[in-house]
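When the chains are written out, they are named A, B and C in that same order, and each has its own residue count from 1.
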Amino acid sequence: MSPMPTETRSTSPKLLATCAITAILFVIACKAIADAPREITMGLVQKIFYFHVPCAWLLMLSTLVCAGGSVAYLFGGSERGDRVAVASSELGVVFGLCVLVSGPLWAKAAWGVYWQWEARLTSSLLLWLMLVAYVLARRYGGAAARRLAAALALFAAIDIPLVYFSVRFFRSIHPSNTVVSTLVPGMRGAFWLSLLAFTALWWVLFSTRMATENAYARLVDLEILLDQAEEKNA
Amino acid sequence: MTGSPHPSFWRYTALIAIKDLRIEGRSREVLYTMGFSAALVVLVFSFALASATDPAQGPITAAGVLWAATLFTGTVALARVLDRERENESIRSLLLSPAPRAAIYAGKLIATSTLMLAVEILLTVLVGVLFSAGVFAHLGWLALVLVLGTLGFASTGVVFSAALLRSRSREALLGALLFPIVIPVLLAASRATACLFDPLSPDLEPVAFWTRFLLATDVIYIALGLWVFEPVVSGE
Amino acid sequence: MNERHLRVAKVCKSYGRQRALVDVSLTFAPGQVAAIVGPNGAGKTTLLGILSTLAKPTSGEILLADQPFIRDPAARRTIGYVGHEPGVYPDLSARQNLRIFASLYALTDAETRITAMLERVDLADVRSDLPARAYSRGMLQRLALARALLHGPKILLFDEPSSALDPVGVRWLSEELLRERDAGSLVILVTHDLDAAAQVAGHLVVIRRGRVAMDRTEPSGFSATQVRALYEEALRDR
C-alpha cells in the first residue's frame, strides 16, 4: 500500500511534454506524408498506408503489452500488471478498429473487394475480437473476471506471430512484410515519421489511462487509511 | 495415517479423467443427448445449404459442417465436464484435495476430448452419408485430424469454462471468449478434412501442412493451458 | 505450546474497494471447537475460505505450528471442509463418491476406511446403486461429513453445515463435532445459529464488518444465554 500522499497532482508535466512532442510529430509527419511521392498505380489512396500500418503495429504492441501485464498479474499477483493490461487492451481495441476500417477502405480501391478471408486479415480480425472479448470478460466475467481476462490475453498474444508472419507463410493478396524496406526515400521518411508519431500517441493515451487506474487504486488506499484513522479515534 | 507415497501427476490425471468419464458413462443419457443434438445440427446445416450443392463443393461443405457441429458438441461436452462441478460444489472438494491443478486440467482435457471424439465418430458417418463425401478414403489421416482438432478446442475450452464457473454470464461469455481463439483450429481442421473427403484429389500435401499446423497449435495451447490453469482456477 | 495451533496473523482481504476482512488476528487451538458467528456479510465465509487455503489473503498470513500455512498439497491433506453444499458427485453413490476421494487422497486400505466411515455416518444401509442425487438433505450432509473426514484431517472447517437440517440432524452434527474435538482435532465452525454454537463451542469469535469484535475462550464451554449476551455486546455500537 502506498504511503500517505503529500501532494496532489494535476496533469503531470512529463505528460504535457509528451503531448506536445506528439503534436509536433504529427504535424511533421503530416507534412512529410503530403510531400511524399504518389505511388504510381494507386495514387492518393495509397497514402492510407501511412495510417494503416502504424495502427496495425500498435494493435500488436497493445496485445503484447497486455499479455506482459497479464503474466505479471496472473503469476506475480502484480496489481500494476493488471492495470497495464487493462489500459493496453482498450488501446488495442481502438487501434485495431482503425486497422480493420482503414484496411478495407484501401482494399476496395486496390483489390476491388472490401474483404478477403486470407491469412493476415483473418488473423488480425481474430486478434481484435480477442481484445474485445478481453474487455467484455473484465466487465461481465464475475468474480474471476481479471484472471479470466488475463488468461485470454495470453492466448491472444499467440496470435501476434500469426498475424505478422502469415503473409510470409501463406500466399496472399495482402502486401508482404518486406514492403517497408523497399520504399523509395521520400516515402520511407514519411512512413517512419508516421510510425513514430502514432507510437507517441499510443504512449500518451496509455499513460493517461494508467494514470486513471493508478488514481483509482490510490483512492482505495486512501479510503482504507481513512477508515483506519476513524477506528483509532473511535 | 493418511497417504502412501504421493501419486504421480499422471496418476491424478487418469483418476480425474476416468472419474468424469465414468460419471458420464453411468447414464448413457449423455451420448444420446449429445449425439442426437449434434446430429440435428448436421441436419440443419444440410437443409440450410441444400440449394448450394455443387458437386465440386461437396467435400468442402461436408468438412465445414462436420467441424461446425463438432464445435457445438464441444460446448456441450465442456458444460458436462466442467459446469457440472458447480452442482453440489464438488469443484471445491476437488480443489481441496492434494491433486495438482495441472492434473485437474489434463484430466478434464482428456475427458472432454473423449466425449467429443465419441460423438464425432457418429458425425463423420452422418456427414459422409448426407454429403456423399469420401470419409473412409484416408481413415488414418482423418482420425489424426479429428484428434488434433478436438484437442485444440478442448485445451482452451477447459481453461475458460473453469474460469467462468462462478460467473453469471457464463453461457453468453464462453462463446465470445472461446471462438476467436479456436477459429484457427477450426480453419486448419476443416481445410485438412476437406482434402481428405475429396474423392477426386490425390494430393495429400495440404493435409500434411494443416496437420502440422494443428499439431503446433495444440502443443502451444496445451502448454499455455497447463501453465495458466492454476492461477485462473485458484481463489484470488 | 504453539504446536498445531492455527494462527491468523493480521489478515486483510479486499476485493477492490470492498474490504471483506480487516486486521483479523486469531489463534485456534486443537482439541477445541471454535465457533465464528456474526451478521450476514460480516466476512465469516471469506475467513474460512482463507483458512482452507483456497483463497489468498491480501495481506497477513496463516500459520500452523508457526510455519506458514500456504496453498500446497501437504496443507490441503490436513484439512477437511464441509460447506452448505455437500461437495459430492450427485450421479454417484455414497461408496463410489468416497472411493474417488480415497484415491484423490491416496489412502491405503480404502475399502475398509470407507466401510467404517459409512457406518459411522449411518449410510451403510443405503442401496449401493442409489446416486447421491436421490438422497435427502440429511443424508447428503452425512455423506459430506464422511467425505470430509475420510482422510483423517486434523483441521476441520465447517461453513453453516446445519442450515437446512432438521433438529435431529443439527444435534447429530453437534455430536460429531464434539467427537472430533475429543479426538484432538482443531474444529472451526462458522454459523448463524447461536444455540448450535453454544452446544459445542469452547472458543467464541464474533466477526463484524470484517473485524474481530469478540474473541473469548471458555474451556468449560458457553451456555446459550452467555453466547447471546456476548454476541449482543460485540454488536453494540461503541
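One rule holds for everything that comes next: a contact is a pair of C-beta atoms (placed from the backbone, for glycine too) under 8 Å apart; a residue touches a chain by one contact, two chains touch by 3 or more.
Only a predicted model underlies this, so the values are computations on that prediction, with no experimental measurement involved.
Taking the definition of touch as given, a chain qualifies here only if it contacts chain A and chain C alike; those chains are B.
When each chain is reduced to the mean of its CA atoms, the one lying nearest the mean of all protein CA atoms is B. Each chain gets a centre from the mean of its Cα atoms; for chain A and chain C, those two points are 48 Å apart. Measuring from the averaged C-alpha position of chain B to that of chain C gives a distance of 38 Å. Look at where the CA atoms of chain A average out and do the same for chain B: the two points lie 32 Å apart. Multi-chain contact residues of chain C, defined as those touching 2 or more other chains: 56. Residue positions 236 of chain B each touch two or more of the other chains. Chain B meets chain A in the complex at residues 156, 159-160, 163-170, 172-173, 176-177, 179-181, 183-184, 187, 220-221, 224, 228, 231-232, 236. Those residues of chain A lying in contact with chain B across their complex are 74-75, 122-123, 126-127, 129-130, 133, 136-137, 140-148, 150-152, 154-156, 158-159, 162. On the side of chain B, the complex with chain C involves touching residues 1-7, 12, 15, 19, 22-23, 26-27, 87-90, 92-100, 234-236. Those residues of chain C whose C-beta lies close enough to touch chain B in the complex are 15, 49, 52, 54-56, 71, 73-74, 76-77, 79, 81, 83, 85-92, 100-101, 103-108, 131-132, 140, 147, 151-152.
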